[in-house]
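Please find the structures below.
Presented sequentially are two complexes of subunit A, the first with subunit B as partner and the second with subunit C.
Right, the complex of A and B next:
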């Protein structure tokens, strides 16, 4: 080798080593200065401009408001200062606060509120709202809006439905033809503490303070929500200092910080903020298409055959096993039962299966390949269930096939979530367990007359104590009937730089209104 | 040559009809329905049967597949590729936006690949079996084994997290392109080094090179005037194959760097069964590929005039 080549090689090796050393070093801390902008990484597009959709939940929390909100299980005023159920529970009337304005400076009156409901009804966007039961909407004056129901109002769940994300109120100028809700929504003009300054589809949305907001002004001058779809890429972005926080898509199911990276991030000095939600991942049975699942002993056998602690172990200690009946103790209405009816007991599972005449049982599980956690969990379940003599067959498929396959008969079990952010606690339970609701569809859980009665006693009463009592009955009914296998309690995580202060969870949603940031 | 180009352009018509029809069929053979997926995403919940029926009526999915296809084709011929089912945006506008992003990434990364691979490959061929050649072969072999997204992560660790020099994601500033370009460019260069080396090595053993040497030409003259020009034909062909990176092959890198290119554009449409977007993508990609391959053939013809495209679609009579 000639001398020149040797020199080049030596230089290259030294350069590589330098890069390595610098990569491992820590830049010394300097004096922290107050920041005016917070950059967030988020796994979804905010959908701030969408012809027919309602925008992402983060968008509606930042820049929108609804007639009411749900906090700690209770419906509380928001755009509406009060409400009244009248006409033998056939009508609910909301009084709108006076002096409210949208971010473009236009007035927010009952007329503007009606626009959004007219739009949702025209689009049949009823999910989790009970709007399908509405017969007509009247606005007797600028500050009153009355909703009349076809067959009577369906109790508290209908009231809570007004807090649904899709019922976020937008201004007249949001529509292509101002004031015409049948034309596409071309801009998100809300009345929340922030307003959308710039939106680039699938890239970023910037929020700045809404100077027309009548509540307390937000503290930062700007928040940029960057859409980074790849889970690991969001983590790399915060490690590189390109974003200051990562927010989970708190609907569940997708786009969240990988749980097995949370400990590493904590060790690196990031804050890990966790808020448990009334949302539980369960193993559901295909009882509508498969008679075998109507046998309670089989459902109980599955409950005994699964070690939930081991399942939760997949998430590196950040997620709690669903050892109590249904939801965790995260909200006043989702108090735990305080007992564990089905402790892991493979022998008991075996004997129950023998009683059912199902030795060598081989159920088929549908698995969504795009959810890595679900795949890992399915593989663990497969090996775990062998202990009880159950040969779980995994059918792994992409999300689109999965959505279609679960409607069919060719499967036995799959995992999915029940519940969600707190504002859906009533509608999601009713929708999962009451066959008469439009949301039951393909995601309904095992149900029976006693479960339906119990769920109605939980979601219908206006009286708080009655509802709390109803929730207990509802949990007990699910538990007694082994309606599903609750696996683990979901949570929403926010990872933030050390200097970010003031991130709050209102209900179960992260709010950035009082955030200050020094770095 | 002009006749050949004209003939190739005529091929465009049946190819486009066939590819777009096949794409239509493939979407319909898929077990899932677009209404289910799109409505679920739009309203964050299971759509009702009534919503599904209305959706299908609104977008014409209740009609026979042939009626749907011919309507779509008629509109496409007038430059109207329809609107996305997910957010109502214009398919052509969205495609052009993503195309520009992909073009920036593709051409810069391929240029980088050439800048790396040409000198290393040529020098390796000239100094076959030398230490430099062995190192370069090992380098390219190791490189080929590294997936481009993994290389991307490595680059982020070094340049974003370690050195804090470059942004780890984004599209807004010129700096944003550097890391995805390096990931794709380095990845392409690994295979290109081997192609360049093999091509040059083959040419160097031909008689006319020996003749050139015996005439006393310098090695530089032999390389630049005689060897490289002929060796470029397979290199250009491979660069053409790398065009798949442009259209959709770079989806992992695009996703990792949140780059709004065609890979991400298509992955999103395919995931939501957004039929107008999928159709528009297939049609415009087919147009692009046909033109790109035509340009590659023309370049090859310029490099080697012996190539005869007139005769049986391109036989080498040399």
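Right, the complex of A and C next:
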């Protein structure tokens, strides 16, 4: 081969390589393309089709509306434009907005609203709603619905109960037999900004814009919610690019992105959006099964023995230690309520235990092995309590056995939560501390007459100032009684790709109506 | 003694030191939490780093090895005893008893072992005791079948007939003459099963069905480390290496012992 030919060949090869490199490089790829679809990983099935259920929270927020909503501790209009409590608080009457339609184009009137409450009452689906107290429901006209209570409504908590997820209004065609709410819900037809386009149980739900929604139209053309049950698998899905966002189950306590993975995800370039919620993870005492917990000194000792800053450190500071009030500042009327009485003091804990005659106290803690955050926290608590002379025994078990053991009251302590998503803050506090409520059951916190009186004065009054005063009494009462050990203020997290913009939180719920996405 | 046997014996001796003397030389309490040093890498104060709760990884590995090896040994010894009893009874009595016991053994051996173990551990619940029970339930049958075969072979040997002809009773004959001839294949088989059992324990703990926190165990430690693969790789590298070491030690010893006890290979080695 002569020299000239060699030169031509080398030049051609170099040129070819240069073209190849340019093609493979990111040069020119900096312009991101607008996406029309967002894929979300979520730990629960949306339950868009259900024999007896009402659909999951995410579904009801995407595609549904309720008579009222709760925002910043206040009940605000939604489907109902106004309401009136009358007949000596035996009746509440809602005025329905005119011109509302369901996503299938049918009218939303008082008749359709009644269907949902008929369904919940028929199926005894009362949780957090106060519907068990309803005697009858009347529809005087297309835009009015009256609820009559057996023994008078239970104040503001009952009104807030209409904002509960389970009270999301669906059209009559949602039911197997249209208009018969006791038959299975075969399609979720709501009035929210999105509508369900396709649903495959335990796999995915696709939402598209609801063209009959009277509010502002959503920006994306499609949102697919993929049900990925395992917490770590959801993280792997976003890392692999299979989904664009992960949404915590914003009820809290389960199906959330493990807190110890958030820093890693942030380092990898994902957005971490956090919304603190009026929910506090606590260490609860089983005083129904163990008389020892009735001794306030023991409960106080447990409060003194736990260093909440270390718990926050375990989760890389993504959650805040519950050092101040029993709830974070985002809870209604929390600011200026003052601090808790108990600061980390293992010596004080030891002396209180000695006063109780409980040196070497060995409570058993139930731990759900499927919640890795909980397992790590339990190990940390075990080590921490040891310094105060408390030998915490960990009973780690899978979710099924954990649920059985919890129900069977075979435990001394376990971690769970008080408070909850904002729309549930009234009912949840009442349900955790008032034995007379149906929700109290096996999940009730330590309570006493003074706590019950205080919680009622917090959740019942319609007057905001009275509620504020009541909350102050309630927080003071649980603090005085050392009813539980508040560990950390919980939060809802959304992990999203860098190009996802416009995720907002309304209360504690992430809203995707204004989301745009470029990648 | 072959070279491999020497290597295996040395490796197992080191392992024995880790398991039985290790807790005495562990620099830290394996349960001692120290959040101020969490997820630290290898350093002079923590030669294998620390975990998410600031616990010393080296100390936890020492205890974890003990946990896994002790459970493996218990499983193997108990399974071997049960297998020996049932296998011997089946072989000696024979007839309907043999048929009955063999069909039971067939039933146990018909299930895929791993799935069967997972199912039992799942039903019983995750704990060290339950995993031990689950592994014994799924292991004893293979020992029984092997012992039965060995005993049936030994029964036909002339010196057994001679022993009986000289008036020795059945129990004496079993203990004095049959047992020794079963011991060699049984112990080789048991060594082979230790590594296998160890892997099963590690696997079950990795998927959350085995030893539960805060007890250190190799599989559980690797499970805990998976969220930190990029940020703290030492959390899975050291337990992983240790598992490889333990399994390799038992496998090499098993191979060497089999060669050592095999008369044909032994004679070749001598030649």
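Just a few scattered comments:
What we mean here is this: the second predicted complex is superposed on the first by the 479 of 519 C-alpha atoms of A that agree within 3 Å, B and C clash if a C-alpha of one lies under 4 Å from a C-alpha of the other, contacts with A are read in each partner's own complex, and residues count from 1 in each chain.
The rule is short, and it goes like this: a residue touches a chain if its C-beta (ideal position, glycine included) is under 8 Å from a C-beta of that chain, and two chains touch if they have at least 3 such contacts.
What you see is a predicted model, and the numbers here were worked out from it, not measured in a lab.
Applying the stated contact rule after C-alpha superposition, one finds that A:214 touches neither subunit B nor subunit C. In the superposition on chain A, contact of A:232 is made with both subunit B and subunit C.
Shared-chain residue A:122: touches no atom of subunit B or subunit C.
In the overlay built on the shared chain, the residue A:166 is in contact with subunit B alone; subunit C does not reach it.
With both structures placed on the common chain, the touch criterion links A:383 to subunit C but leaves subunit B unconnected. Between subunit B and subunit C, it is B that contacts the larger number of residues in subunit A. Once chain A of one complex is fitted onto chain A of the other, the partner contacts of A:241 are limited to subunit B, with no touch recorded for subunit C.
When the two structures are aligned on the shared chain, A:401 is found in touch with subunit B and with subunit C. Within subunit A, the residues touching subunit B in one complex and subunit C in the other are 232, 398, 401.
By the touch rule above, subunit A contacts subunit B in their complex via residues 1, 5, 9, 19, 22-25, 27, 47, 49-54, 57, 124-128, 132, 165-166, 184, 201-203, 226-230, 232-233, 236-237, 239-242, 251, 398-401, 403-405, 431, 438-443.
Residue ranges of subunit C in contact with subunit A, taken from their complex: 31-33, 35, 38, 52-53, 122, 125-126, 208, 212-214, 224, 226-228, 230-231. Here subunit A touches subunit C in the complex through residues 232, 258, 260-261, 263-264, 267, 310, 313-314, 367, 369-370, 372, 375-376, 378-380, 382-384, 394, 396-398, 401, going by the rule given at the top. Of all residues in subunit B, those touching subunit A in their complex are 30-33, 36-37, 40-48, 50-51, 54, 83, 86-89, 94, 131-132, 135, 153, 156-158, 160-164, 167-172, 255-258, 260, 264, 268, 271-273.
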